[in-house]
Amino acid sequence: MKPPRFRYFAPTSVDEAVELLSTHADAAKVLAGGQSLVPMLNLRLARPEVLVDINRIESLSYLRVEDGHLAVGALARHRMVEKAPEVAARVPVLQEAVRHVGHVQIRNRGTVTGSIVHADPSAEMPAVLALLDGSVRVVGPSGTRDIPWQELFLTYFTTTLGPDELAVETRFPLPPAGAGWSFMEVARRHGDFALVAVAALVTADETGRVKEARLSLAGVGGTPVRPERAEALLAGQALEDDVLAAVADAVREAIEPESDIHASAEYRRHVAGVLAGRALRAAMERARRGGEG
Amino acid sequence: MLPESSRHRIRVTVNGQVYEREVEARLLLSDFLRYELGLTGTHVGCEHGVCGACTVQLDGQPVRSCLMFAVQADGREIRTVEGLAPDEERLHPIQEAFWEAHGLQCGFCTPGFLMTVEAFLRENPDPTDEEIREAISGNLCRCTGYVNIIKAVRLAAEKLRAGR
Amino acid sequence: MQIQGSVTFDAPPERVWELFNDPEALRRATPGCERLDKVGEDRYEAVMSVGVAAIKGTYKGTIEIRDKEPPHRYRLAIEGSGSPGFVNIDASMEFVPAGGGTQVNYSWDVQVGGPVAGVGQRVLGGVGRWLIGEFFKKMQAELRADAS
Amino acid sequence: MATRYFGQPIKRNEDPRLLRGRGLYVDDVQLPGMLHMALVRSPYARARIRRIDTSKALAAPGVVAVITHADLPANLQGPLPPLIPHPTLKHHKTQFALAPGQVRHAGEAVAAVVAESRYAAEDAAELVEVEYEPLPAVVDMEKALEPGSPLVHEDIGTNVAAHYTQVVGDVEKAFAEADLVFEEVFRPDRGQAQPMETRGVVAVYDRNLETLTIWDSTQAPIRIRSGLAELYGMRANQVRVIAPNVGGGFGPKIMMFYPEEVLVPWLAMKLGRPVKYIEDRREHFFATNQERDQIHRVQVAVRKDGTILGIKDVFLYDTGAYIPYGLIIPIVASCTLPGPYKIPNYHAEFKAVFTNKTICSPYRGAGRPHGVFVMERIINRIAEELGIDRVEVRRRNLIQPDEFPYDVGLIYQDNAPLRYDSGNYPGLLDKLLKLIEYDQWPARKEQYRKEGRYVGLGLALYVEGTGVGPYEGARVHVEPSGKVWVATGVGTQGQSHQTTFAQIVAEELGVRVEDVEVVTGDTGAFHWGTGTFASRAAVVAGNAVALAARDVKAKALEVAANLLEASVEDLELADGQVRVKGAPQRAVSLGQVAVAANPLRGTIPPGQEPGLEAARYFNPPQSAFSAGGHAAIIEVDPATGMIKILKYAVVHDCGRLINPMVVEGQIHGGVAQGIGGSFYERLVFDENGQLLTTTFMDFLIPTAMEVPDIAIDHQETPSPLNPLGVKGAGEAGVIPVPALFVDAIEDAFSGYGLRFREVPLDPNRLRQALAEAGVPGAGSTAA
């Protein structure tokens, strides 16, 4: 298990990186944290001719709260997000989710933006992006654009990013003040890919009913899924058993999971409904406490 | 059919010593440490980033050396198990704790555990058992069932706190 | 791995049959198909670059159309191999009149082997389904392009 | 009173080097001019090889040689030698160094590439063009027995390698007299040992000395040495095999031979340069032996008081594509089934079946988990059918302490009668119940149920045959420095021989444990023996060490008696000295005695051999039988099928303990592997024989998050069969885990009529079963 040959470039600016990507187009792959790409290289399943390593573009290593967003630079490692006080304070669901990403060695190296554009449908970060209606900022030869998550993910490991475009930032809109949150995951072992993961965000009115609820799921198809009908069902409701049962049904309708050796599609469908209910309850609990953990 | 591989001159500090070498771009950091520098204490168990045997510290933080290329370590600081003990006579308190608690059997996974635990205890000097389990869950051990490793980490934390 | 489904085409079975026997259309619609050379009656040699994201492999192999019953059904036998492993497909395609159009019922028995099977099982089903879906979408586009 | 070493939890001699990263594993061996081998492996489970074109690979940069079957010398072209024959093993088919025109499992080696680096070798391996004619594969052992099934070996006309039956008593009569008769089918699935270090071989040939030196991560260096010498037509002493530090073994690292073990030394001789092969993890999944799939169809005859009258177990054993290791696993499974219970009438019958899958050979437990799983499931079924508590059913069938030696009536894997040497099974059970607080369990379980939690208690008992022959040996040698040097043939893969053997010597010679250096696994240091497997090293080699140390002691006393002008009876060994009892100032150091025993001038008595040294062998008359009981409390989330182990308890009896810390470590590791094999680890083959689990992303070894703390209590019933009174402990931890695991889960859902007959379970299977049984929350309408 040794990687095949490739040519390696380590640009120190975004412009330089984009130029390299334009020159080599389909032959090139961006290397950020490398925690998904390098295993595939070692297994010789990925064989790009050129690697553009962006780890030397120091300007991309940042976390900022700005104009209602948490902006996560392309070199911000999972660990940086996990430990950042502003993430804990402003986007706690992201912090809760990031703890499920691999193990500490992986989180020290892997990047949030890399995980998102890698577009593994079982991964946590894309599900959080969908939950918060976030976007990815990309720079290409013709300039900068923001791709909303709905337009980003096509299917398994496939996004609408052009081969000459570099994702430079992930933009998570800040959840409403006082929103409760939860991220729950069923994985075979701690740190494994999710069989199913559910993120929930809930705001409550004075009577303890749902004002707005959002759900986002991973592991249930080719992309992260927001079950819109389930979300709509929740508005104005108290989280009683019958409401949650209807929500679970709506969640199960909204997804098309696959079977693999670890879990059947039926299992994933079932557990998606279960976790949705549990995550909503946990999020509501926090919403009642005014969004405090 | 196969593309050419680029070669690069790198300068890496490993356990305080500076090494300059020319490497092929695809050379894994784990192989660089083991075969170019002869630091065979870093072991390779899976080469796909799960087992943690190859864990080293990059600028003080544990990373999997099988998921990095040597060229990426240019200008950085690496610490391996060979850099843990203060000298030939003494072991590091974490090494002592693994010895006393029988935290190793075949010893193959041990260097990876030590490098993970050293960074962990720097951040969290007085961890709970649950925190210890979580911290070492990226390192697989097939011999010990982890029971004595957890005991060793607890003991190491005590030793380090006492030595402070 | 079994992948089944049906797709509707806006043309009668005779026309759809023709489309599904047109090597140029098949080549254009097959994801990653770089070459499709006729080497005998209903027999082609193909080079395909298939995969998702960085995990792409080039497969060389043969495609054979068998058991033809125009314009009702045929079978596709596809065999390819490359460095990521091998893919063998036995696909049955059925062309059924539906209203003014044609419903194509397909049942693909996909056998994947070698490294990609041992590593990619988690996503093979989903990716396979997606690729087949892309193929039919493009065939629909071929039909429309032809009609316009 | 001299310091005691035997029985003490002493820190390990081997650790300081390992902790500093200064072990020597095979991949750490680096020699000037070394070449690297990579193999081209079949992607098909069954195929004919039509053509191999190596020209492109040969032209690739850095490539030195590309070898196919046709390039091998005649002695390496045939099937490799069989390891353990058995009279009923009619078709002892063995593997090839490189496939000769046909492959029989995915991953079988087809060609070898040798290059200047592993990177270059892998590049070139991709360029070897192999044209295969794929053939239908047989993957399922039941289907392999159907008429018309594809044949793994066409020439024998069957997929049955062996059919073997052993009978005790009159089984038909037992069934005729029974109050209750039932049948069950159990299906343990396939798994793998997966040591953290994969396999590796390095070889270098010295043309001037005509000697071949091989570093091999094997559990049996001496046998590899002897076998290779024979294969290559060399004298045994021309070949030295060193198993340096071995990064875990657990069974599969003993094999005669893996293809790479034959190819690498031959290539080193042929090419005149050192050659290294390090198996990568993906290769390990299909190129290193596997185990565990069996199908047991068992019928049971019981009296209404719960006593078992008879058992008829007919099972299939999946051996994979070849059967080099013979019938050890199914024989051990048959012989382990009765366990601590009296089974007066027992019919054990199996067929070993070829399939187009990787070869099976013993993995820690080696059939024992199967026997225990079947037996303990039977006991629970009896308890359920008769409404008797499961512990009470066990009690009523246990062999009593006054019934030893107890003859089970079977022939064991060592071809000796299966006769338990010593034990106290009711004692074990009592200790186990106390450790798990069984008397409080009904109340606790009720409380959990009230809280809506599903928590169950499982337990299982077992007897483990350990310490099989034929023999091991050891040489104990005292240096002039007073330090003791011990060499033995068994290798170590983490079992702590450098410490436990040192303790045995320290106890006999009165020296400090750290002053005893033990060399294992180097045929240059000691060249008689078989290897480390089947929980035998401490028993067989340990006793050889003790006998050799006792001889050294006798000699030391004799020589010192001369030096001190005292009689032997008045002397003792302590603190590194031989001294006069009661007059410790009259003493000579052991080092001085060693010098005196090997004088440069003067005389030594006629008949006395030079040096303070002795070599001895120990040949056990039969196996020594360890026993134990495990219990666990496990919680299940019925909505997701996820589990949490709340408590785990072990009571273990391996005779006298040499080092309790080491024994407990062995148990911990075994339990973790047992947990893996019960819920996480499964090798999945598709219907064409493709292995779908070839990374640690899919084959799920438990992490520290999945393994609980483990409470251990010991019982010591010394073995009367060896001087130290010890029994083996290496495999104990893994054996009963699958049995108690499903017991706990069934208990958690008692009242729902669940019965699990397969292992490993997983969240998917478990939740499915709970949904089908109507457990609230598990059904598909649950929120």
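Going in written order, the chains are labelled A, B, C and D, and every chain counts its residues from 1.
Following the convention adopted for this analysis, contacts are C-beta pairs under 8 Å (C-beta built on N, C-alpha and C of every residue); 3 or more make two chains touch, one makes a residue touch a chain.
All figures in this text were calculated on a predicted structure; none of them were measured in a lab.
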Chain separated most widely from subunit D, comparing mean CA positions: C
Result of counting contacting C-beta pairs for A-C and B-D, higher pair: B-D
Where subunit B and subunit C are represented by their mean Cα positions, the distance between them in whole Å: 48
Distance from the mean Cα position of subunit D to that of subunit B, given in whole angstrom: 29
Between subunit C and subunit A, distance of the C-alpha-averaged centres to the nearest whole Å: 32
Subunit A and subunit D: spacing of chain centres that average the CA atoms, whole Å: 43
Shared-contact residues (touching 2 or more other chains) in subunit C: 83, 115, 119, 121-122
Multi-chain contact sites of subunit B, meaning residues that touch two or more partners: 2, 24, 26, 47-48, 134, 137-139
Two or more partner chains touched - positions in subunit D: 119, 123, 126, 280-282, 684, 692-693, 695, 697-698, 703, 705
Topology of the chain contact graph, where touching chains are joined (line, ring, star, complete, other): other
List of subunit C residues in touch with subunit D within their complex: 81, 83, 85-86, 88, 111-115, 117-119, 121-122
Contact footprint of subunit B on subunit A as seen in their complex: 1-8, 10, 34-35, 38-39, 41-43, 49-51, 53, 55, 79, 102-106, 108-109, 190-191
Subunit B residues within the subunit D interface of the complex: 2, 24, 26-27, 34-35, 38-48, 50-51, 53, 80-82, 84-85, 91, 95, 98-100, 102, 104-111, 114, 129, 132-134, 136-150
Of subunit C, residues touching subunit A in the complex: 52-57, 83-84, 115-116, 119-123, 125-127, 129-130
Of subunit D, residues touching subunit A in the complex: 118-119, 122-123, 126, 280-282, 639-642, 680, 682, 684, 692-693, 695, 697-698, 700, 702-703, 705-706, 762-764, 767-768, 771, 777, 780-783
